[in-house]
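The first chain written gets the first letter, and so on, giving A, B, C, D and E; residue counts start at 1 in each chain.
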Amino acid sequence: MLFEIKNLTKVYGNRKVLDIPELRLEKGKVYGLLGPNGSGKTTLLEILSFLLPPTTGEIVYDARTVDFSEAFLQGLRREVVMVEQHPILFTTSVYKNVEFGLKVRKEPKARRKRMIHEVLDLVGMREFAEASAHKLSGGETQRVAIARALACSPKVILFDEPTSNVDIENQIAIEGILRDINIQKGISVIFTTHNRIQATKLSDRIIFLFNGKPASSIYENIFSGSISTDGNGNKYCLIHNKVRLAVRTDKTGYVKISVDPKMIKVFPAQDSSAGGHKLVGRVMQLTDEGDHVRALIDIGIPISVLLGREKYKQAPILTGERVELFFPLESVEIM
Amino acid sequence: MLFEIKNLTKVYGNRKVLDIPELRLEKGKVYGLLGPNGSGKTTLLEILSFLLPPTTGEIVYDARTVDFSEAFLQGLRREVVMVEQHPILFTTSVYKNVEFGLKVRKEPKARRKRMIHEVLDLVGMREFAEASAHKLSGGETQRVAIARALACSPKVILFDEPTSNVDIENQIAIEGILRDINIQKGISVIFTTHNRIQATKLSDRIIFLFNGKPASSIYENIFSGSISTDGNGNKYCLIHNKVRLAVRTDKTGYVKISVDPKMIKVFPAQDSSAGGHKLVGRVMQLTDEGDHVRALIDIGIPISVLLGREKYKQAPILTGERVELFFPLESVEIM
Amino acid sequence: GGEPVIKMSTTTSTQASGLLDMLLPNFTKDTGIEVKVFAKGTGAAIRDGMDGNVDVIFVHAKAREEKFVSEGYGTRRYAVMHNDFVILGPPEDPAGIRGMKDAAAALKKIARAKAKFISRGDDSGTHTKEQALWAATGLPLVTKTTTVVKGGIKRALAFKHPQGLGTWYLSIGQGMGKALTYANEKQAYTLSDRGTYIKYKLGRKEGLDLEVLCEGDEMLYNPYGVIPVNPEKYSHVKFDLADRFAKWLVSPRGQALIANYKLLGQQLFYPDAIPDAK
Amino acid sequence: MNLLIDSFISAILLLKSLDAEVCAIVLVSLKVSSSSTLIASLIGIPAGFAIAFKEFRGKRITITILNTLLALPTVVIGLFVYAFISRRGIFGPLDLLYTQKAIIIGQVILIIPIVTTFTIAAISRIDDRYRKSAMTLGATTLQTAGVVFREARFGIMAAVIASFGRVIAEVGISMMLGGNAKGFTRTMTTAMALEYDKGEFVLAVALGVILLMISFTVNLFFNYLQGRARV
Amino acid sequence: MNLLIDSFISAILLLKSLDAEVCAIVLVSLKVSSSSTLIASLIGIPAGFAIAFKEFRGKRITITILNTLLALPTVVIGLFVYAFISRRGIFGPLDLLYTQKAIIIGQVILIIPIVTTFTIAAISRIDDRYRKSAMTLGATTLQTAGVVFREARFGIMAAVIASFGRVIAEVGISMMLGGNAKGFTRTMTTAMALEYDKGEFVLAVALGVILLMISFTVNLFFNYLQGRARV
């Protein structure tokens, strides 16, 4: 086990921003951490990289129970490196930034040079080696920060939204790096992202955080809406003043809902769209996800639907086509 | 005309990071600004928001030639507001942050309050009104910064990667805001992004920046590779040590190439894949783009292909399917 | 304010001895005139008068006072009082001068013995007196001159001391009290006015491990004078009030107060205008 | 050690007796030092902003000169001001010498370099995005400076506190330009110097203890202000 | 005005004559003030780091006390040290009084609060991400402090420069603990005070002009260091 977490909480003021009863992460895996803004992703990564002590709870790292004393942590930090969400580079050259972790690890000078050039090549920043690090653009900064962490050759790397400001070509490169260091060097990787496709593509397991808790519910199709009752006494949820979904709940007023993408049913559109519970939309995007195909369908709001591969092959829907959606009552969960 | 730019350059040290011979932006439009890291997007936005003087060149804003004297600029800045790539919030409450632009504009207190709550609602941060702004998470910060700019009700808003750290639900909300302020209030919008789909979806026109210059070439399928010659004397470009594309060029060694997605030909895969120039890949994603369908195909590297809608309808390809690609020599441009 | 006020520059010894604290309230009571006192080194106090910053000066450097008057800065020098200097030293008296009356001879013995001697070296009245005593010993003296420019004219400043500066002869450029402290710390000889000595020896818990070893020489006489600033030089000075102050000091009342002033049971100052005032 | 204990007890006794003379001295000290701190801040803080923000030729040499002026000895300031306000000086007729105003003038000169250089140091480390944010939101130059000031307030406050400490503990200028006249220009420090001259070491340190108590009270107040500003 | 011109010319004359006495005084001043600045920096900068980084009960009161100590009058420091090193004091046998070492001790006490408080002010405004970055990259506490120091170096440098300016211009402690003995402990400022007492204003200011020239040279050197550090 890489990390075993028990009853971990982090409290700021009177707000519990992290509350994890149990979480076990294995060695040599890639974990994707997803969740809305403020769900505690960054906070969790900072705790896992031993930069932030939790308010309560126990963490076992690599069979060692972590006691949050500085001397103990310094040893662990040599094995676990984090790349921050908005990394800051030391106000010196790019080269010296990347050199820092190596100097600290007392690498000999010649080896340092080789390693620095290697990691800068990986993120495509070699030609910036002598540039002033604090004058770089947003994406350049992010890439140098990744190189700086890679240079340390740690056992675990935590990436906080590693590609958020990175251009398309380098997004591909960095995704490649993540995979490569995991496969070739056996480095365990935990990364956060708001890009579901990236998460599915790269990770062995996805962890959803919601309000500081690992969420049991599917972190997809999350919307804010309000509950009302129609003339027939049926409850529905009105989303963005555009879409009505039938729901079964006792709550009223403003709520957050999530819709299970596996439970939504898709039909080719009939011109006479009479079906009471059906909504009409247009297929925006189809994405391959191995056993499934994910369809993004615009019904006023973008809805994600997961279709079984076999079903899709038999009755394919095409992008740009109009389709009808049916939302069973069970598909909508009020959070 | 909103902006008329002539011979604009920005030089740092001995590097010309921006070099725009001519650029005209119309009023009331939404412009998407795309380009790799370091191509000068942020620099351009800072110049257009009158925060950074160009090294040389002329800017005409709203029929007024901009002279870069502080007094003159202060008037213009009341009309043009920018949201930075990594916004910083004043170390006070969220409420007071949003209030700043209104106070500066001498809005009466009651009106201020109403407007603040309105914009915080838009970005879903109303419940954080009294929180300390500098303790917010990355995405929360970005959303408050957007609200802070919206509150000013300017004529032009410049957004630098407005959704880079924002969660999925709020990405949709912010994309909606961009559209709404443009359509309902006639506010001109210029935004940067690394998300092509977002750019196509939201903007009336897309501007590509490459090495500081508005690029004539298509900003897609950009790869770094090296030119070699095979046994038959044919030149090819080797990308990521995985893919070979035939090219016609005099250059040698390390180059950047872009492949025109409209010129790539797609066929269903034959089991006997003999065709010399053909490459086999797997369809990852299909996206609706109005007249076209964009297919993302993995041939070792992800390649974007644009298919005519009619052609796609007649012979649909499915996600997850294997396909063959043919790259005509003209499709590959060496940059 | 309705009350007439005059300004006076004086040497630190008149203030530190407590004399002014006794005299001035009496003067104010008698005349209704208040006196603002600025205590400083003799040189600086005379400068104050020359620059017209004060109405009257009360110092002890007879030659310079007379020059002050002759150059027209002051109207007239009133001889007010004197006290006397004493040569102090450690109880062990390594140079063996205890009981000597001849001050110059005593200094000569100190120099011969190369016993530590602390000089104020600050061009004060005491320092002027010390230099005169060294001159009287007949020992070879070193003269050190510094050139400065005043009003565009170069001027040399001279400073005399016996050979041995920095070895046994220490020039510290400070006031009397500090010189006493210094001499006490180094258990060295020094020249002091009797008033400050009494104050330091008897007036404080810390005391002073120095004793009077040589006293009573004519040359150790230390006269104080008061001089109103000349209104012809500075029309703004309150000459009338200043002159009243000077005259009050040399009046029987002023002289009697001075004669009767005792610090820790010891008389410090002896009236000069009316020597037998009581 | 005895000296300290004795002094401390004497300080308490002095304070308890509410000695009118001691009160007057404390008041003069407070009045003079707060005036000079205030005036120097009003000049030095804006000057620091101007120097930190503007790019101009000779900026570095300006800062070097300011740093040099941190070593301006009180004697030089005293004599410099003296040359102007003594009866022979240009401002002689104003009769400023040996007044509290004269002390204030001298002390202002003494601490302007402190306030200015530390304002520059405090501001130059403030993230430039604060300035840009304020400007793009439509702030005037003054309002932008206000934003940066807010962000740098702890650093600037430190500069003001240091300046206050410097002047309330300062003796040379107070002595030379104030003259240590009892009841008018006698401050805590000149009184201490006088007691020291008299050999009254206990009394000198006792006054020093009172000075530190007062400085502590003032700093508690500053601390309270900072605490409020933190919100 | 004449005073200043005269003093300036006299200063030039003094320097030109390469007067042995003046040279000695300048050397003593430089030696003493750089020693005390160095020692105070070696104590105050780490202390500032410790206070700024550690979260502990009484942190704010510690800072308030340090701020109070910015107002420590030289007379108090002088007498305090005197009490220890005078013949009757505990350290009397070391025979420290009226030596350069004594001045250094007093001056170190004087400027430790300056170095410390401004180090705290400089560090506390440094983005916390520098600390976190260094730590996650595997730095020890000392190496992390090194990174933060690098980022805060201008602020800390300003503190050191101010402290140097404070001590080289300082007169009270030098006078009381050094004793102004010609050739041993006479510094530029004590010499100035002496000339002032003598009424030799021109000479006093001339010495002040020399002091400022030296301070300017030292600051040019600091500036050069900063320029190099900027790379």
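Some observations on this one:
We adopt the following convention: contacts are C-beta pairs under 8 Å (C-beta built on N, C-alpha and C of every residue); 3 or more make two chains touch, one makes a residue touch a chain.
This structure is a prediction, so every number in the text was calculated from the model and none was measured.
Counted as hops between touching chains, the shortest connection from subunit B to subunit C is 2. Taking each chain's centre as the mean of its C-alpha atoms, subunit B lies 54 Å from subunit D.
Distance between subunit C and subunit E, defined via averaged C-alpha coordinates, is recorded as 35 Å. Work out the mean CA point of subunit A and of subunit D, and you get 54 Å between them. Centroids of subunit A and subunit B (each the mean of its C-alpha atoms) stand 22 Å apart. Touching two or more other chains at once are residues 86 of subunit A. The residues of subunit C that reach two or more other chains are 40, 175, 178, 206, listed in rising order. Subunit D has residues 127, 196, 201 in contact with two or more other chains. Those chain pairs judged to touch are A-B, A-E, B-D, C-D, C-E, D-E. Of all residues in subunit D, those touching subunit C in their complex are 6, 86-88, 92-93, 95, 97-98, 175, 179-182, 184, 194, 196-202.
Every residue of subunit E that touches subunit A in the complex is listed here, in rising order: 127, 129-130, 132-141, 143, 147, 150-151. The touching residues of subunit D, counted against subunit E in their complex, run 1-4, 60, 63-65, 67-76, 78-80, 82-83, 90, 113-114, 117-118, 120-122, 124-127, 152, 154-155, 158, 161-162, 164-166, 168-169, 171-172, 176, 188-189, 192-193, 196, 201, 204-205, 208-209, 211-212, 215-216, 219-220, 222-223, 227.
Across the complex, subunit C meets subunit E through its residues 40-47, 121-124, 144, 146-152, 154, 157, 165-166, 170-175, 178, 182, 184-186, 206. Those residues of subunit B that touch subunit D in the complex are listed here as 46, 49, 51, 70, 74, 77-78, 80-82, 84, 86-92, 100-101, 104-105, 148-149, 152.
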